[in-house]
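Two complexes, one shared chain (chain A), two partners (chain B, chain C).
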Partner chain A sequence: MEKRFAAPESVTEGTSAAAAANTWRWIGIVALIVIAAALPFGLSKYHVFELTMVMIYAIAVLGLNILTGYNGQISLGHGGFFAVGAYTAAILMHRYGVPYWLTLPPAALIGFALGVLFGLPALRFEGPYLALVTLAMALATPQLLKYFDTWTGGQQGINLAKPTPPAGLGLDRDRWLYFVALVVLLIAIRTAANILHGRTGRAFVAIRDHPIAAAAMGIDTAKYKTLAFGISTLFTAVAGALAAIVIGYVSPEGYSLFLSISFLVGSAVGGIATIGGAIVGGFFIQFVPNLANDISDAAPWAIYGLAMLLFMYTMPRGVVGTLWPRIVKFVAARKIAAQFAVSQREGR
Partner chain B sequence: MNAVMFKSHILVFAVAGLLTAARGGVCMAAEYSPGASDSEIKIGNTMPYSGPASGYSAIGKSLAAYFAMINDQGGINGRKIDFISRDDAYSPPKTVEVVRKLVEEDQVLMVFQSLGTPPNLAIRGYLNDNKIPQLFVGSGADQWNDPRRYPWTMGWQPSYGTESRIFARYVLDNLPDAKVAVLYQNDDFGKDYVNGMRSGLGDKAGKMIVATQSYETTDPTVDSQVSALQASGADVLVTAAIPKFTTLAIRKVYDIGWRPTQFVNSVSTSVGSVMKPAGAEKSAGVMSATYTKDPSDPRWQETPEYKDWLAWMKKYNPSVNVADALAVYGYSTAQTLVAVLKASGDNLTRDHVMHVAASLHDLSLPMLLPGITISTAADDYAPIKQMQLQKFDGNSWKVFGDVIKGSGR
Partner chain C sequence: MHQFLQQIFSGLAAGSIYASLALALVMIYRATDLVNFAQGEMAMFSTYIAWTLVNAGLPFWLAFLITLAVSFAGGMIIERVVIRPVENAPVLAAVVVTIGLLLIFNSVAGWIYSYTVQDFPSPFPDRPVFGALMTTRDLGVIGVTLLMLVLLFAFFRYTPVGLAMRAAAQNPASARLCGIRVGRMLAIGWGLAAMIGATAGVMVAPVLFLDPNMMGGVLIYAFAGALLGGITSPIGAVVGGLIVGVTENLVGTYLIASQLKLTVAFALIILVLVFRPNGLFGTAVVRRV
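The block that comes next holds the complex of A and B.
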């Protein structure tokens, strides 16, 4: 169990190799952003909408990765926090006429606060026990949403007015929302990277790898575990708010237990202790069920399960968790070989 | 004289012939929206083939099976039906995605019989904004009959409110001095019945409805609600509840020695899961309403309509149980659509198809109860407004009385 969560950062082959990998990584990241920005102009509106959902799921999975991958706390309840974000946005837009983009900060705030509150009792539970506690959140969400129907619209849900893209950009609604999601995703990734590659992130990983040793080193484990919960649910709630804006409708049926499980699957398939894995996870959540349905009407979930097995068997640390260290190693090895060749020649 | 008449006849025939030719000429230039062509008509649909509501997927199977038969018979006005039904797992965000795919990628002419209230609410705005028919919605909620705000969305089955107005009609005609109590589920489904009862009783509602009580689906029992309703002195009880609570209510009413005239809603009339568990002597005499023929009722089994139905079930729809009411529902909605498409002729634009769907006049279908017909108008998007009352005799349901119309909104 512990091994599976081992951070790819532990793969370091000397400073020059790491620097080389870093350069390549930046080139890769910039190329990806350029492609992401150009993509909507070459695709139909429907495919743009699908990719928008991929990015939204990626933000949610990123939140889960922070908690489960980096801090070792398993959550089966993130669909519930996704719903909290969605309903925050929906209620603010529908009842108070708040513009859609202004609903993201309150969704983040409420997501964070609820996560911290939820993180407090979670301190007492570990591993499968925590999974069960969070499962309660996922199970209760649809029914609670129906119960508070004066706020949530009950079974009927809430229909939201479609956001209008700013005039003058010449973008239609789908492409505009794509860019909104892209910007939020980039901010989310940058924020996650800052947190995880710094002091806080090291504390998260230390607690995951060995809580007693972490405490002995002076890390306030209770504080960091709660913080990990709060940050994680903040990301997921923002994703939920974005999803409500893009879909234009919220109702209890949209936030079943299956959504929470989907997030965990996406997280594991992408690479649970990686940031890039969240994007792969987003693709998996959005496309694999549809692909499975296209392959077999009769047993789409059998195909889905098969795809999951295949991924986990061939890439046990997820797509990014397995491939990225190999790429780093490959680049480093070539760099070392080149340097070796140069030094050999100079030596002669 | 005779010759003149003969001549004038010829003239009339000639003019008629010319007119026909001219009309034929107009018809030749068929008009199409995306999804229709000389050879096919694409119909989109969403259905919960997976997830908690997958029991309803028998409807989707029946729709596909009916269109398969129509295609085998040569299609509609020479065009084959391409029925594209996709799984939305009853999850509204998924429905939005699937419907966008149907409209933008598959390019369907319309969305037909998508199942469930929340999934249909989720796509109503999108379909109306883009002027795409959302025909014969698979839900009994009252809100599909709102042509002024949603001119592209039309229901099909009698709505919960219509059903409640039919109960009210019976009470007004047969028990004019009744005191009515209503037990309802505290959500839109239950409230549709309360509102229907109020509008059905009209200006007498204030006097006749003496008590209402609601329950939450999380309540363990409805004992206290039933006792409170009895204490109101009511002699008619309308229960608008899902099956489990209907059973509990029927039992409690009997156990406390209350003997009102009882109505239960059509959602909760299953003999096996509601009436029998309540107990034969406790549930005997309970009334409800229905609009389709029960395929297991021996009364119909010698009729040609039933034999056609059975032949279709055996050849095209063998995976669905012959006694399944959902198959009757799918069969009848598919027939309604086929009638609309036939009447649309060669003008298969979305606008025209919607116009035809809103101009149905006394269309009768083989598996609807005799006397129940489908009528619509530009300001009336409730195709079925009639039902017939039925009474439980401790063993099975028996329809009685005339077909009653629960008109109005």
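The block that comes next holds the complex of A and C.
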């Protein structure tokens, strides 16, 4: 029954067809990284900023994918953890003069710790209940940020000085931050892939698909579910810290329910149990509401709502979750056909 | 002491609104086993329909009845068109779809009626009664809720349709074998829930004023009420809603500033789920492995 959200099948089996798909995948990944590194030099500053935000959202969505897609715990409150990361960075920079790049580790640590703390009671909430609790959290986040105003600057928020790029690289600020975000994104993707394609990831998926069978096989479900929560919120908090640095401003209204729902929409559109889907989700979150805003104030919400319905009905695995297995299959089928042709010619 | 009692009574009035919405949530949960995150926005939309009718010059109660009828039909259509495809899908799909509905209702209301806050007429005069312990408005709201409860109870207890609905919720397979059209019963359940929600919206609108985001807080309190009472128990929903209303009022008056209203609801939900996950009246669901 849970199959509709299953991760795409592993392509690392030893057959030559799968190996071919793997080679193609690496070629694709390297090409993407090269393009991503070249892009900022051909674009205006504003577009560079937009792409930086795409990558930041992608990190946050990746965090949500680990929790909701791979481990089956539904969160409607990841905007809250994004805010935690953002305010950690902002307070450290503003009050204590910590350099911007040093705020990422504490944001990650606090994100992880809060996620584990939240994940412990969440062990008792199943399915819709967890969604409910996290929805309430998303609604409470702006209130809490306003309430603790000695730390958070209340309604006005905190203005941050934009970081200066290291001298000698010849990069301006926006392009420098773009590369910072790109490096963090690549690290995040690699880390997520290592976790998810290994023993831990298989435990996450087993718990999602059949918690009782997973427990019977000796998986410590409580430990892994809490761990999934912590890792997920770590990613999202780091994304929040990056966003605070790049935007140079934090305020309670930026972390409303809309942000949390944005992550869920991005996740659903890209493919909730995929890693690559997070990037598609990042693009969706950054560009779709902006385009929709030209139509009407209400349009971003409407488009988010429609996207959620449409994707759940027609493409529940999201763009990447639907297309990637097909590409793999296509490449593998061609490889097998080629081998077959060769063997025919050689008369074997 | 006088202030304390006053707070309790106005808490009961707010609580009866939470109770109505909680009841709507419980009905849908019992019938289709899913939590309807769009319940609040559906109620908000119904309230806008009532507002349009009243502004068009209809007498209040007539507008109210038409709104109920429209909401009932709307609820049934939503079940048929939007919910039916994800009925047997994983929880995540159902959650995403109802959140999508929430967004759509919110934005369509904003689109049609704009996000400006509107006045909503109260059907009850606002006079103090019982030595200024309550207002007639509070009394009216509580009265309407109680009346609705009695009608619902009678509907489920004494009518063939009510019996069929209970059967369909309890054991869909057997109900179908007895010739009950389970699909239609579920649709009626959604229709009824939409109607109950509409009542809650119309009752709360004179206090909260009308705008597309008015039900956000109410929905969270209604969830807290439904969970406190036990999400499988209609009576529990009502009791839970009332308790939550009174608690919210007392906490807001004596303990914590009211700008943390939603945080209180959040804490309440966590406390209930941690310490009494089945609520006060709910039954533990025993599953066969």
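List of remarks:
Here is the rule we use: the second predicted complex is superposed on the first by the 319 of 348 C-alpha atoms of A that agree within 3 Å, B and C clash if a C-alpha of one lies under 4 Å from a C-alpha of the other, contacts with A are read in each partner's own complex, and residues count from 1 in each chain.
The rule we apply is simple: contacts are C-beta pairs under 8 Å (C-beta built on N, C-alpha and C of every residue); 3 or more make two chains touch, one makes a residue touch a chain.
Predicted, not measured: the structure shown is a model, and the values here were computed from it.
Shared-chain residue A:P105: touches no atom of chain B or chain C.
In the overlay built on the shared chain, the residue A:Y46 is in contact with chain B alone; chain C does not reach it.
Of the two partner chains placed by the overlay, only chain B lies in contact with A:S256; chain C stays clear of it.
Of the two partner chains placed around the shared chain by superposition, neither chain B nor chain C is touched by A:G198.
After overlaying the two complexes on the shared chain, residue contacts for A:I247 are found with chain B alone; chain C is out of touch. Set side by side, chain B and chain C differ in how many residues of chain A they touch, and the one touching more is C. In the superposed model, A:D297 lies in contact with both chain B and chain C.
In the superposed model, A:Y147 makes contact with both chain B and chain C. In the superposition on chain A, A:M312 contacts chain C only, with no contact to chain B. Looking at chain A, you'll find residues 143, 146-147, 297, 300-301 touch chain B in one structure and chain C in the other. Every residue of chain B that touches chain A in the complex is listed here, in rising order: 49-52, 86-87, 89-94, 96-97, 100-101, 104-105, 116-119, 121-122, 124-126, 129, 187-189, 216-218. Taken in their complex, chain A has these residues touching chain C: 1-2, 4-5, 68, 72, 74, 76, 121, 124-125, 127-129, 131-133, 135-137, 139-140, 143-144, 146-147, 212, 257, 261, 264, 268, 272, 296-302, 304-309, 311-313, 316.
Here chain C touches chain A in the complex through residues 34-35, 37, 82, 85-86, 88-97, 99-104, 106-108, 110-111, 115, 216-217, 220, 223, 227, 257, 259-263, 265-266, 269-270, 273-274, 277, 289, going by the rule given at the top. Contact residues of chain A toward chain B in the complex are 44-46, 49-50, 53, 143, 146-147, 149, 154-157, 159, 162, 243, 247-254, 256, 258, 293, 297, 300-301.
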